[in-house]
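Dropping the structures in below, format is structure tokens.
Each of the two complexes below includes chain A, the first together with chain B, the second together with chain C.
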Partner chain A sequence: MREAWRSFRALVGKDLRVEFRTRDVLYTTGLFALMLVVIFSFAFLSDPSKARDYGPGIIWVTVLLATTVGQNRLFDRERENDCLWALLLSPVSPEVLFLAKVTAQLAFALLMQVPTLGLIVLFFDLRVVDPASFFGALLLGNLALGLVGTLFSAMLMNSRMKEVLLPLVTYPLLVPVLIAGVKVTALALGAPVAEDPGGWLRFLVGFDMIFGVVTVLLFGRMIRA
Partner chain B sequence: MADDEEDRREAPVELRCEALVRVIGRRHVLREVGFQARGGEVVALVGRNGAGKSTLLAMLAGRRAPDRGRLSLTAAGVEARGGALRGLVGFLPHELLVYPDLTARENLHFTAVLHGVPDPAARVAAVLRDVGLEADGDRLVRAFSRGMQQRAAIGRLLVSGARVWLLDEPTTGLDEGGRRWLLSLLADQGRRGRLVIFSTHHPSEVQEAATRVLVLEGGRVVADLPAGAEGAARAFARMEGGGA
Partner chain C sequence: MERAGYGLTLAAMGAVMAALYLVFFVAPLEATLGISQKIFYFHVGSAIHMMVAFGVCALAGVTYLVSIRGAPGVADWADAVGVATAEVGVMLGAVVLVTGPLWARKAWGTWWTWEPRLTLSLMVFLLFLAYLALRSFAGEDRFARAVGSGLAILGLPAIYLIHYAVERWGGAHPQVIYKGGLQQPEMRLAFGVSVLAVGLTAWALVVLRMSLERQRRDLDRLFLEADRRMG
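Up next is the complex of A and B:
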């Protein structure tokens, strides 16, 4: 267990170190997210009274699209110089490798989302009335995106069409997460609906638990095969 | 459990290939390849381009599964599986398996941690010295020449403590001094009980480093000879079609 933890830290640390050195994923996803926010601002600000209605959808579309851009690059570093093979020849279990990749991806996504969400809140004049639900939904939703995206990013690593295929295979699976995310975010932004965000948050927790187990097992099987 | 693992990693290894077959499309890249090799041997694989050397090495590294046949690696008489198997084998293909955006030191430290090397910093410093990258250890691998990258990749094998080294034309990109250094390192690893298998096109490399030479032709092992000057000459004569 201690060795697994040490390997996990080394794997995450390696990804973070390489990213902070090259900033490939952060720049690409950050600029893409910024571009989306600007486009949405011009598209929807003609009627500022509707901002609270649009806000949750805009937040989740931005999160989803920008995260997908980053996930396309997730295994590129392992492909360069065939480094994935060095990992697979080491005693590290595929499960630890997968969880490390999910964690690194989550870190990149959240780093990109902090300024992006700040801009959305600012441009659309949103007020977060329930911060716990707002950030809880973001964290749980990002984890779901990370688990599903990392698995399929690994599966499609050697595909020449991976940029096209990744959203095609992951988005249908992630629709429930987006619906739950939008619902909780709308309630956290003060939508005048008599609904408890707790139910949707529990749904996200359940999704993460089920997909956490399924994706870890599938990744392990895929690597061993 | 950890001690058992450690003992196994220091134990003599034996590689056994039985009738390995690999078919790509309609072409038989490997045909019934069979041989055994033990720790302490330095085996040179020779053969023309397309003879199946790289495919065989990739298969021995577990990268490609045989379509038929059986491949096993035992350490201390126990067949290695899973994580233990992975930790036992080190592979150096044409792609060097080092991260270009990490320094040589970071690459080796990362490998050391993944392989559970005690006191990784000290081990990495020693290996950087051994591979001649002490002064360049804190430079990004991307900024290295091919020869220096090759040294960093060999450092990765040394740090990992793998008992079986598989190297595909490992002297590519090395200057004459580097080539001699590497061949002497391979011979030394054999003396230390590791099993080293490398492919080459140069008789002098067989002569300098190998204890045994396998000649591959059309995906078959057509000769299995002791190395040395005579063995190398016979192997290359066989390869060129001059008979053994």
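Up next is the complex of A and C:
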């Protein structure tokens, strides 16, 4: 167990160190998210009074698209010189490797989203009434995106059309996250509906738990195939 | 295997004929919906077998991933089941998504609503399409097969959670069967035979598609063998 924890820390540390030295994923996905926000502003702000209705959807679509772009690059460094096989040959279990990758991906995604979310709130003049559920939903949603995205990003690493295939495969699976996420965010931004965000947050926790177990099991199985 | 497929095809032909006869000449017209209610006999049958096909596809995925290292023969067979059910599932999904809106336009006055069962059918259809896209474009290796299996397996909890999430918003789908809507015995007979007819057609196609897939792989193997011998 302690051995696993040490390799986990080493693997996450490696990814973070490489990223902070090159900053390629953070810069490109961050900029891409920024572009999306600007595009959405032009597309939806013809009627500023509707900003609160569009806000949650724009937040989640931006998060989803920018995260997918980053995930496509997630295993690029492992592909060079067949590093993934080297990692699999080392005495690290594939489950630990998978969780380390998910953690690193989550860290990149959250870092990239901080300025983006700030801009959306600014441009659309949104007011976060309930910060706890606002950030809770984003954290849980990003974890779900990370689990599903990392699994398929690893599996599609060597395929010819992975850029298109990754969203094609992950989005249908992530629809529940989007539904719940948009709902909680709308409530946290003060939507005039009498509903408790707790139910939807519990739903997200359930999704993360189910998909956490299944994706960890699947990663080990699929990578050995 | 092929023989079983042809047997099923013959049975399906008979059942479809019988179902059409029962639907149009025996079952009475529904009082409020009129002739448009007859769409329902094939619509529900297709929906039922689409869901069954989806479940079988996921089971085939589990079987594939469990047996790939120990029993390659079983894995090969399970993979053929996966491809066949996914393709037939797309066909059934297309039937559901064409007949559904046609009927909804008459009954509800709208082609489409984001109601739990409609959303569910659409998402199962999309998952099947993603599975087929993966199989067509990700390559022919064991890796692509493993990814397909993984997608089919993750699809099951996803579908359940989608259904749950959309249901929290409330829905308007007719609860025909649960509330005992089919009063006349002729209607119930027509319904039963229709479900059977769609099922026989679908599973005859699955069996034939599986035998086609296995022939294709044998051919690939022979080609590689010949290529190797020619040097």
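By our rule, the second predicted complex is superposed on the first by the 225 of 225 C-alpha atoms of A that agree within 3 Å, B and C clash if a C-alpha of one lies under 4 Å from a C-alpha of the other, contacts with A are read in each partner's own complex, and residues count from 1 in each chain.
Heads up, the rule we're going with is that a contact is a pair of C-beta atoms (placed from the backbone, for glycine too) under 8 Å apart; a residue touches a chain by one contact, two chains touch by 3 or more.
These numbers come from a predicted model, not from an experiment.
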Q: Have a look at where A:P172 lands relative to chain B and chain C in the superposition and call it first, second, both or neither.
A: second
Q: Check whether A:F211 is in contact with chain B, with chain C, with both or with neither, and answer first, second, both or neither.
A: second
(Q) As a test of reading the superposition: which chain, chain B or chain C, is in touch with more residues of chain A? (A) C
Q. Thinking of the overlay built on chain A, is A:S90 touched by chain B (first), by chain C (second), by both, or by neither?
A. first
(Q) Is A:D82 touching anything from chain B or chain C once the two structures are fitted on A? First, second, both or neither. (A) first
Q. Which holds for A:R17: it touches chain B only (first), chain C only (second), both, or neither?
A. first
Q: Note which residues of chain A are touching chain B in the complex, please.
A: 3, 6-7, 10-11, 14, 17-18, 21-22, 77, 80-83, 85-93
Q | Residue numbers on chain B that touch chain A, as the complex places them | A | 2, 61-63, 83-84, 86-87, 89-91, 93, 95-102, 106, 110-111, 113-116, 156, 160, 162
Q. Across the complex, what residues on chain C touch chain A?
A. 65-66, 68-69, 123, 126-127, 130, 133-134, 137-139, 142-147, 149-151, 153-155, 157-158, 161-162, 164-166, 168
Q: Sort out for me which residues of chain A touch chain C in the complex.
A: 148, 151-152, 155-156, 158-162, 164-165, 168-169, 172-176, 179-180, 199, 203, 206-207, 210-211, 214-215, 218, 221-222, 224-225
